[in-house]
Structure formats: C-alpha cells, structure tokens
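Below you'll find the structure, written out as structure tokens, and then a few comments.
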Amino acid sequence: MKKRRVAAAAVTAALAMGLAACGGTSTTGGESGQSAAPAAKAEFNAALTKVFNPSTKKGGTIKFANSGDWDSLDPADTYYGYSWNFIRLYGRALTMFKSAPGAEGATVVPDLATDLGKPSEDFKTWTYTLRDGLKFEDGTPITSKDVAYAVARSTDKETFPNGPTYLKDMLNWPKGYEGPYKSKDVDFSSAIETPDDKTIIFHLTQPYSGFDYLAQMSPTMPVPKAKDTGAKYREHVISSGPYMFEKNEIGKGFTLVRNPHWDPATDPNRPALPDRIEVQTNVNADDLDNRLMSGDIHIDVAGTGVQPAAMSKILPDPNLKAQTDNPTLQRLWYTSISPTVKPLDNIDCRKAVLYAADKTGYQSAYGGEFSGGQIATNLMPPSIPGAQPFDLYPSGPDGTGDLAKAKEHLAACGQPNGFETNIAYRAERPKEKATAEALQQSLARVGIKLTLKPYPQADYFSLYAGKPPYVVENKLGLAVNGWGSDYPDGYGFLQQITDSRVIRETGGSSNISVRIPEVDKMFDQSLQEADAKKREPIWNAIDKRVMEEAVILPGVWAKSLLFRPKGLTNVFISDSQQMYDYVALGVQ
Amino acid sequence: MTAPLDVPGSATEPAPEAVLAGADRKAIQGRSLGQIAWMRLKRDKVAMAGAVVIVVLIIVAVFAPLIVNLFGHPPLEFHREKIDQSTLVPKEPFGGISWDFLFGVEPQWGRDIFSRVVYGARISLLIAFLATLLSTVIGTTLGVIAGYFGGFVDTLISRAMDVFLAFPLLVFAIALAGVVPDQAFGLSGDTLRVALLVFIIGFFSWPYIGRIVRGQTLSLREREFVDAAKSLGARSPYIIFRELLPNLVAPILIYATLLIPTNILFEAALSFLGVGVRPPTPTWGGMLAEAARYYTVPHFALFPGLAIFITVLAFNLFGDGLRDALDPRGR
Amino acid sequence: MSFLELKDLRIHFPTDDGLVKSVDGLSFSLERGKTLGIVGESGSGKSVTSLGILGLHKGGPARISGEIWLDGEELVSATPEHVRGLRGKKMAMIFQDPLSAMHPYYTVGDQIIEAYRIHHKVSKKAARKHAIDMLGRVGIPEPSRRVDDYPHHFSGGMRQRAMIAMALSCDPELLIADEPTTALDVTVQAQILDLMRDLQREFDSALIIITHDLGVVAELSDDILVMYAGKCVEYGSADDVFYRPEHPYTWGLLGSMPRLDREPTDRLMPIKGTPPSLINVPPGCAFHPRCPYSDRTAGRASTEVPELLETEGGHKVRCHMPKAERRSLWENEIKPVVHWEDEITAVETP
Amino acid sequence: MVTYIIRRLIGAVIMLLIVSMATFAIFFLVPQIAGATPEGMASRYVGRTASAETAKLAAERLGFNDPLIVQYGRFVKGVVAGAEYDYGPGVEKCPAPCLGYSFITRQPVFPDLMNRLPVTFSLAIGAAVIWLLAGVGIGVLSALRRGSFFDRAAMTVALAGVSLPIFFTGLVSLLVFAYGNPFSWAAQGGHYTTFLDSPVQWAYNLILPWVTLAFLFAATYARLTRAGMLETMNEDYIRTARAKGLGERKVIVKHGLRGALTPIITVFGLDFGLLIGGAVLTESAYSLPGLGKYAVDAITNQDLPKVMGVTLLAAVFVVIANLIVDLLYAVVDPRVRLA
C-alpha cells in the first residue's frame, strides 16, 4: 500500500519545481466547481476530471460508511489514504493538497501556514509562519508549539504504531529521542524550533526540497499538550478544522459537527458545506454497497471501490453505471524479473516471459478492468504528471500474450522448450496468489514452469524477495510486487523501484530486479534539472530503459470503481487523493 | 434363562452351570447380535441408501482425477473465456452450466465448479475420516482406562472430558488454526493444513466417544463373565482386550459413524472461516465463503452447499440405521 | 351374569415379525368378594389379559375382540374415554415393580392425591388427608410424614404398600394385582399378601391375582385359571386345580414349584423346553411339544386344537387325553411327588 | 445440597483456570513452537512502520521476553485484580476483569466484549425460544404418532436440518429473503438495533438469523425429545398413570414429558452457553456484530488480547451454563438431591 522512506536528496528537485509550478495560487474546490458544467447529468466518470454537481449550498448531513475501521483517528497514528483525505475535515496541517479535480488537485497549498515553507539555501531548514486567528475547537488559540508538540509525539512508535515516519526519520532529533512521553521534557529544538507562537522551524538531517509534501501530512496537525491523552487521544481528537467530534464510539462509528471556533476567513481551502457528518464503521461490505445504491449512505469512505457482487449488478445496468467513477490510481501492480537468477540472466529469456505473460489474467487477478486495473504496458501510471504510456512488448491482439514472439526469444535464449523457475508472492494477499497462479498458467503455454513460493508479507522484502542473496539461493526468478507513492510525483514513483542504489544486500528494498547504471545516472542528472517540464522526459526515459532491460513485468495500474450516490454535490476526484475529495463534498 | 420357569428365590441353580450359562449366553448374543443387526440394517432402506451414497462419495473422492478427466476440467484450470472480464461473473446464464461444465464455472477465473466440488470431497472426507479415527483412538483408550480402573484415574479423565466439552470449540479451533504459520512442524502447504485440521478436530471431539466408552466399560466391568475371567486369574490387559473391547465394538462403531458427519461440518466451517486448507486447493467450505462474495451468482453457493448437505445427511442416515440395528433400544 | 365376565377375549398384536396372539379366546367370570388367580409362565398372556380388562393393552395397534362385561357394562366396545373413567375408580391395578411403576419425580403423596382427585372433585387438602389416611391403612408408619417422601426414599415393601394405597384410593370394585410380590423378598411377600387379603375383605372387591407363583395363588385364590400360550388350559376352584389337576402343564407347574417340605430324594421335575413364541404357536395342542404324554393322544395332539371341556363341577380342562387316563396319571405317577396334604393346611390358613 | 453446589462451584473455577491456560498456550506457546519471536509479536503491536529497535523495546515493555508462566501469571492477575496500561502521557488503571488492550484499537477488551454481548445474546435467546417450542413440540408429537406419516416427515426434515451447515442455510436465506429480489422481506446481514432502541427493528433485523439458527437446533431437539419421549412413554409409571384413569394429555405432559425433559435441559444448557460464547458461524454468515464475529475479526487481525478475551468469556459462559444445568438437575430430578 502506501510506502515509507522517500530518498531525501531525490525528491528535493522534484518538489523544488513543484513549488515553482504552483506557487501561491489557491482556489477552492467550490470555485473551480463553477467552471465545470453546471447541469448535473449523471454519467460514467462524470466526477473524474471535473466537479460533478457543483454547489456552494451549505447544510445537511453527509453519511459515510466504512466496511472496516480506521487504523486510528489520531493524526499521529494514521496511514490510510482515505484517512489522510478524511482527516482534513477535523484537522489542519501546515500545508495541504489543493481541493480541486484532476491534476490541479495534486498541488500543495498552505493551510495553517500563511504560505508554503521557506527553505534555507541548503534545503536543510524549513520555516513556516502560522495564520492569525487559528483556534482549537475549545477556543484556545493554535500556536506553533502545538504543531511542534504534535510532530514530537508522532515519533513515539509504540504509542502511535501506524503513522508515517518521514518526520521521525528526517528531522534532526536528539539522540534516542522517543517522544514527549518517554523522553519527558527533553529539549528537541535541534529538530523543531518555535521562536514565537507564530513561527515554526524544522531542522533536517539532509537537504530536502520536498518538505511541503511532508508538511501536508497529518502528523503536523496541532495537538494541545494539555488535552493529549496519548494512545487514547484517538477517542477524542481536538479539532483544528471545520468539524469536531460530537461522539465517537470506536468500532461502531462517530459523528462530526461544525466547529464553532473554526474561522472560514483563516481557511480558503475548505468549503465545509454539510452541517453534520455521520460515519459508520465495520459495516458489512456487501450491505454497504447495497445501501450506497439505495442512497441510504453517501460515501464508502475507504474509497477502494465496490465489492464484486455490487460490480456485477452495476456494470450491466447503464443507469447504475452512470453513477460510478473509475479513477486510475498511482499504483502499479507488477512482477519483478530477477536477472540474477539463471536463465533469466539472459535478456531473451526475460523477454520471453514478458511476451508469454497473459496481461488480462493479471487484470482478473486484481479484479477485472474496472476494480482491478488498467493493463499496464510500462511503469508510470498515466496520472503521474508527464507520464506517457508506451508498449515495447505488445501481448497480442486480445492481450493474452504473444506466444510466437515468446517462443522466438526462448530459442534465442537457448531454452527453446522453456525452463523452470520460482515465483514469490505474499501469502496473505489472495490477489498476489491469483497473479502467481495466472502467470503459472500463461507461462506454462510456452513451457516456462513456475513454482509458487508464498512468503509472509511482514518479512517479504526484509528477508525473502527483497534480499538479493536469498533471491539467488532460492531461484526466485519472479516476485509479485506492487508500488504506490504517497504523493503524485514521477521521482517519488520511480526512484524507490528502479534506482539500483536502494538495493541493500541485507534486504528490505522494494527494488528487487532493476540494476541499470544508466538509470541511476539519469536520476542524478534529474536532480540538477530545476524545471519540472524538462524533467518529465527523464522519467519517461527511465521508464523506457527499464522496460528495455525487461526486468519488470508491468501488470496493471490499479483502478477502483467508486459509486457516486444521488444527492451529493461538489463531487470530484483529485489526483492527490485518487478518490472523492472529502473536503469538498456537500449534500443537496 | 436356563430354568423353564423363572422361579424367584430358587436356590436350585448350581454355580458352575451359571458360569456356563453366562458364557454360552454371551456366545449366543455375540453371534446373533451381529446377524440380527445385519438383518435389520438390510431391511432399513433409508440407512442402506445412506450407505450407498457414502460408498459413491468415497469412490468419487478416490478417483477424483479420473472422474474429472472424464466429466470436467482440472480443478485449478482457468477458463476466463467463460467470464465477463468487466464484471468477472460467468457470461452464460445459470453460471455457465453446460455439458462441458456440469455445475457451471466460478466467477473471476471460470474454474470448473464440478471438478472443484469433486476434489473438495477428497479434503472433506480425508480430514473427517482421519479426525474421527484420531478421536476414536484417544476416546476409546482413555474411556476404557477410566471405566476399567476407575478411582482417581477415572475422576481425572472424566474431568478432562468435561473441560473439553466446556471449551468453546469453534472459537478455539479457529484461533489455533489461525496462529499456525504457513510453514511449521516441518510441514507446509496443504499437508500442514490437513494435518493441523485433523489434529484440531480429532483432538477436540474425542470426549464424545470417550464418554460412551467409559460408561459402557463401567457397566461391562460388573458383568459376570468379567468376574469369571477375573476369578480364573486373567490379568487386566487380557480382560480389556479379550473381554471388554469385543463388547465395546458396537457402541464405538455407532458413535464413530455419527461423529464423521459432525467432523465434516467442522472442517467445512473452518474452511468457510478461512482457516482451513488454503486456496486454491478446493474445499467445500472455502468455496462457500467465496460464493458469499459473489452472491449474485447463486449457483456458485449451491453446489458446494449441496455437496456438504448430501454427504453429511448420508452419514447421519447410515449412522442412525446402524444404531437402530445394533441397539434397538436407541430408537 | 356375574360381576366380571370375559367372553372369548382375543388380543392380538401385529408386528413386523407376524401376529402375536397374546390372548386367544379367553373366557372366565368373577364375583364380587371373590379372588381369581391367573397362573402361567411369563409370556403366557396373563399380564396382557389384565391390561386388556383395564383397556391398557397399548404398545402398537392391538386388535381386541370378544366381550368384557364389568358390572353389566361391556368394555371392549365402550369408548376409550368411558373406560378411562372406570379405570382407577371401578377397577384398579397393582403393578409388579413398584419402583419403576411410580413416577420418580413426584412424591408418593402427590401420586396418590392425583389418583384420588381424578375421580373425586375435592380440594387438594382433602385429597391429601385421604392419601395420608390410605397410607396409614396399608400400614405405612407416620404416614403424615412419609406422604411427602419420594418413591426412592421408600423400601421395596413400603413402596408396594404405597402402590396398593394408590390403587385402593378410590376403593375400586375390581382390583387386579400383577405379580404383586415378585419384586419383594420372601418375608415381605407374606405381609403384602396378608394385607391384600384383609383389604379385599374390607372393601369386598373382586380380586384378580396374576402370578407364576402357585404359592401366592394357593394362599389367596378361590378360583384358579392356568394360562398357556394365550389360552386357558385349566380352570377350576383352587381345590380342583391343586388337588385334582388334569392338565399336564398344570402338573408341570405344581412339580416345578419348590417346596421346603419336599424330601431330598424327590427330584424337582421341571417342564422341559421353553414357552412357545406367540407368533407361531405349535399346531394342535400348543403344549404338545413339551408334553411328556403327547404320544398318548393318537397323534391328535399335533393336529387338532383340544377343546376346553368341563370335567365336573365347573372344572374345565383343555386336553386330548381321555379323562380317565388323565386321572390315573395324576393319581399314580405325578401326585406322589407333590406332597399335597401340607397344601391343604396352607390353603386353609385364615 | 449446599455441598453439592459448592463442589460444582469449585469445579467451575478449576475449569476456568484450565481453559485460560489452554487459551494462553495457544496464543503464546504454539506460535513459539512454530517459530515466532517476541520481536515478531511485538512488531504486530508497534506496527509495520516501526524500526526493529522499537519492536525490541516494545517486546521488552510488553514482557514478551519473560518466561511464559510469568506472562500467564500477569494475565491472570489482570483478570482478577486488574492491570495498569501505559497510554503514553500517563498510566491508566484497567479495572478487573482486565483482559488487556487491543493491539489494534488500543481499547480495553472487556468493555468491547460487554457491548458485543447483547448482540449474541439477542441472537441466542430469540433462536432458543423458537427451537425449544418447535423442537420439543415436534419431538413430542412424532413420538406419540410414532411411525405415522407426520413422524416420518418430521424426522426426515429434522435429519436434513442437522445435516445443513448454517453458513449455507444462512447464505441461501439471505439470497432468498434479503438480497434484492421479489420476495425479499427480511433485513440484510450486518444490521443490529438494540432491543431498547426499537424492539420491532430489533426483531426485524434478527428474524432471519433466528429462524436459520433455530432450524438447525430445532432439528436436534426434535430428535432428542422424540427419543426421550419414546423411552419415558414405555416406562411403567406411565402405565400406572393410565391405570389411575388419568387423561392422555395429562399422562403425556405431566408424566411423560416431565420424565423426558431432564436430558433436554442438560443439552439446552450447554448449547445455550456455547451459543452466548459466540455464535461464530451464524454471526459470520449474517455478519452480526456479536462476540463470534468479534472473535473471527480479531483472529484475522492477529489481535491476540481480543481473541483471548472472547475465548475466555465464551468458556465462562459454558461453565456457568454447566453450573446452572447441574442445579436445575437437582430441581428437576429429586433423586439427584441425595448425591
């Protein structure tokens, strides 16, 4: 799912220009809504690139439901995409993703801060200034101290196991700092300084120009020390956003109501249309879908799409289908092909695999063209800025593989009758198992015999598929894999899976098979390039190069089939959330 | 009785004659019981029907590959051409039931439901039989020990049985089946799962047999032929194996037969809850769990469901018949 | 017409294995204050007869035919409901094993009270008083306390007394005792028998005693009916049957009755073989396969069923042998074994 | 009688101890045998994003490194005397019975169980009423009409009933009566309204599970009752009752049924106890938020404290049920009182 560890140096440049691209401009979803078609004609993908049913009408209750439950409502302790989307209703970070449809929604704008961060020359120090008139739900003013405290507490992994670790990893914390609970009253000004109530300064261990991306993450949402109850804070998070908790029954659901001390004047990004937000958790998934369709609830908060049963009801029915959106996520499900394992050290054998693979099988493994994904022909998902899909290994007219070509390459590889190797996957993931089975069947058509090797997902990368020596010893020629970055950016997407320098002999890397010096060079040179537009070709070049080496078998770019009930206004999908933007939503 | 009239207070029966009587009476019973039982069983149409079904099922399970070759497709083979790639449900109506796919195809992969049901029988029966065997062995051993030696041993074992019967079995079993990783105890994959399930199911259901056996042993222990044997200086092992066990065969047989269907249901339940034998290996319970996600394709649930139903029913019918035949009082 | 009269009573039970003729053409009559003893091996149909009279011949669809006249009413054709009304009130029964015959979950008192209140619309209190009273009359010490005990608190004899109390609670005019003493040990047997005799006199009811124990019958009965394979083989006054028995089966019964007074030299002469199954009763005389004298009937024994013929003074016998031959056999061969002189005293003890 | 009760009570306590040990063993011993490390278990607690060091520290703090017996002792102490829970800024007292805190939600387990209990209880009680009425009724009837068409029909259905897995009947019932189709009148799975909120809604949501569950049990009870009745109706005391001139209905109910009831009470006690402990399959089939579902979810999330809690609670119910049965026995059958 979401991924940790962003290589610091790298993203720097990427974001430097991300800044340039969309400096101070900030328009609310509402406004951009008016630019979209006013008449709300329900049609398939109507909310994909523009605002569906735009409105600025306030009031009403919006009903969310979740077939599972939040990892936690605590800003320091949550790492689900939908949670990061939703949390902006009751919490404000220093910056945030713009609430706007499509690509525009992928830009960062200031939130608590008056402006985006001011980096030092070396990009190792970042300074933010808070807006005036910010208040918590209890009316006490929000100061930079509260933000600093919030970040500090988020480093206590034992109390907050789920949250992201960017700031814990990148800020210059005192040695052995374990957060304000265990390291009571330890001065952490080496990491965060708050010279006054309005200013907050972050000190990084290495340069990082993309800090604004980290500043939009929930751990920078202010937490009043007086009200902090550690692991139990999730039971009542003190709101800094437009809505606050009325009641919260963990495991059942909760209700948000307007926060009287939230001042719209301080917050240009949130239209805050509904008066009330009701959320039910642990709702039976199929039941949830049925209630979505009956209009009993408005949104499946998980944003991962409908269940198979519902899908088989919706798709054949044009009226129902017109009420769905089908975004492509910035996630690639793929299979690594290890050139370190014989006979895959021979490029022709690798190409044989790419040709023989049945892409449609890959697609069904993940749930078909609507909820599974779009067949991927290369690495970068189309919605990544500048991505240009291409296909080096056309797998036949019906997408089930080009066996003739596969055989050619097998012959060229000196294995005319095919060969045997293993395929690793995460035991706990039925879809990866299905993928492995699908590949097993499709490759068998050209005589490539695969043996399935399930591994526990907890140690998949650290001990097995991600550990080069293990891969060689155990002949893990193929390894089912997947990747999605925490935010929409070419570098963020490619670097972790194609830069050979992230591979560690001790294991733990998601890059299992890509060791191409030229690619590494291209990454370095991209760091010298200040202009975004000029860097985009580089991403595509890297993408191509990797595909040429045939060390990655792209499967699908994940998609989800989202149901859009009647009665919702201001519905759109932003490239940052890749699901409905919950901040903008309203009800008729 | 040997005397022409049962005369109360008659002291006229000489002792040795009694022993003789006891002995040959047992002989007579032993013989005729079996015969009578068999007669009754044969007369019991329903039970025989059950027996026939069971035999068929066993044949199916054993010759699964053959049968699938003749009437179906390999249970793991995909037939995606049968599946609508967008909705992932079978293209044809009625879940694609046809001469080619007798029970239709599974959603998503289009695997042959018929073959999967057939192979499911293997897992189901295998586990049920082995588990029953295990619990019968444990149950009989401990039951006889408890019943025969009595005293402290008896109290100990009886308590143990109570404890077992007090366990929230299913929760327990799921938990246990849940915590064991994919590779453990030198086993892995299906072998591990099967072994694990057999152990869990067998280990938790032995008290049902144990209780019966203990009870029977207690009553048998008091019978004169045991005393006779004792008085002739026979040692415990001899008495247990020569005198007791032969007389325990009937009840054990009955309750073992009646335990099998329970165990089949147990296995199905565990598979349904996802702690049984892992997919893609076909299990009836697992198929039902899958079917629940695709409830828009009812036939998917129907066949594995019926398979469980018919199998369990057959065993129940036969078990009942057997009981009625072997001890008519039970009716 | 006498108080109780059975005419050609037949009770047959169809089973998977065939038709069980438990009672096959039984006739007798009994007056108030008189006692009839029905004797026979187990399975000869005596119990079924008694149950038949009470209309309790249940257990599968029984086929009953013939007539049962009780005090001028015909019971076979009467509605079950009507018969039920008579049960317990006009005719009552004492069962063999009092432990199993009494409900383990209710106190003795409750069970008697229930019996009483079925037929008398009285308050629980009154009924309870009556119950205590009855228990007292059957000789149970401190009845007012024992009335609340459960059957399993009672000893065997006590239980039988309680049973009797229950049976007599509505002073029935016909009392049937089915093996009243079999379950009891010898000393208690005597007491119970005395009790029953006294009570019968006291209530002046008609009494039927069903038993395989001639000793019991000898003590109580006026008339004796010997049953074999559902049929009456010999019927007559106690004296007739005891001192002038004419049916070989009766001889067998007498012979196989243990006597403390028998000299060591005498051999017990049991009836060889076992009672026939009531499904396929042997052709001709049902007894002939076991009868030592069947050869003396010129083969008729195995072919034609003998009639129940009166020999003299109401003494009836069902046998092919000529009267004279029977008599001489008894006088010369059987009788010496049976020391009947002592019997007379036995019978006449008040 | 008193000693009888006391003996039973002691037995119950011992039983609980053993059950708790077994539960504990399953979750801490079995994984160790299967090769899990304290760090591994701790990592479940501190989450996947945590570094190995953090996991080690957590393992240390959670005492996963202590010998099992010590950990067990701690667990029992928590149940009996309560425990302390470090929630970060301070330490919270977890009142007895403290079954620990969920790894995932960080909520104390016991309150969780308590607010899941009503669901399972509602399910159990409703079903029990139905199956007792239906089962015993049918059992008695077919015992009396033994061999009749009704008897055969009823017993065949009953046998079918015991042979049907609930997760199949459940699914079918949902397909037929709940999921959008002409005659779907019942609630779909997953809904639960407390009785107090709205008795009608409560019943409406539960009716399907009730019936399905009851069908399964009714079958068993019909068979049980029938057998029992056949046995008692052959008892001598029934003949005696008839000989008294007692009406047939009274004979059946007051004498016959009363005798046949004892075994039914026993079985019912145990069944009900087990059921309250979590109707795992029914709740999964209808995804009712009861203890059973709770257990299953907890197991899929590897949330040990929850699973232990449920298992233990379930055992408690069974033990209590046992106890009540034993006492009822003494009430029903005077002969037991001597013992």
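Each chain gets a letter, A, B, C and D, in the order it is written, and its residues are counted from 1.
We take it that a contact is a pair of C-beta atoms (placed from the backbone, for glycine too) under 8 Å apart; a residue touches a chain by one contact, two chains touch by 3 or more.
Chain-to-protein mapping (UniProt): A = Peptide/nickel transport system substrate-binding protein; C = Peptide/nickel transport system ATP-binding protein; D = Peptide/nickel transport system permease protein.
Given the structure is predicted, the values throughout are model-derived calculations rather than measurements.
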Report summary line: By C-beta contact count, A-B versus A-D, the higher one is A-D
Query raised in the report: Which chain is the middle one, judged by CA centres?
Result: D
Query raised in the report: If you average the Cα atoms of chain A and of chain D to get two centres, how far apart are those centres in Å?
Result: 42
**Report entry** Between chain B and chain A, distance of the C-alpha-averaged centres to the nearest whole Å
**Finding:** 51
Query - Interchain centroid distance [CA atoms averaged], chain A/chain C, Å - result: 96
Requested in this report: Provide the C-alpha centroid distance between chain B and chain D, rounded to the nearest whole angstrom.
Outcome: 23
Query - Residue list for chain D, restricted to those that touch at least two other chains - result: 179
Report task. Indicate the residues of chain B shared as contacts by at least two other chains. Result -> 181, 295
Report task. Could you tell me which residues belong to chain A and also touch two or more other chains? Result -> 286
Query - Footprint of chain A on chain B - complex, ascending - result: 76-78, 80, 83, 85-89, 107-109, 181-182, 279-280, 293-297
Report summary line: Listed in rising order, chain C residues that touch chain D in their complex are 51, 54, 56, 58-59, 84-89, 92-93, 95-97, 100-105, 114-115, 118-119, 150, 152, 163, 166-167
Query raised in the report: Considering the complex alone, what residue numbers of chain D touch chain B?
Result: 11, 14-15, 18-19, 22-23, 26-27, 30-31, 33-36, 159-160, 162-165, 167-168, 171-172, 174-175, 179, 227, 230, 270, 274, 277-278, 280-281, 284-285, 292, 295-296, 299-300, 302, 307, 310-311, 314-315, 317-319, 322
**Report entry** Touching residues on chain B, where the partner in the complex is chain D
**Finding:** 159, 162-163, 165-172, 174-176, 178-181, 184-185, 261, 265, 268-269, 272-275, 285, 288-289, 291-292, 295, 298, 301, 305, 308-309, 312-313, 316-317, 320, 330-331
**Report entry** Complex contacts: residues of chain A adjacent to chain D
**Finding:** 4, 69, 71-72, 79, 153, 156-159, 161-165, 179-181, 228-234, 250-251, 282-284, 286-287, 290, 458
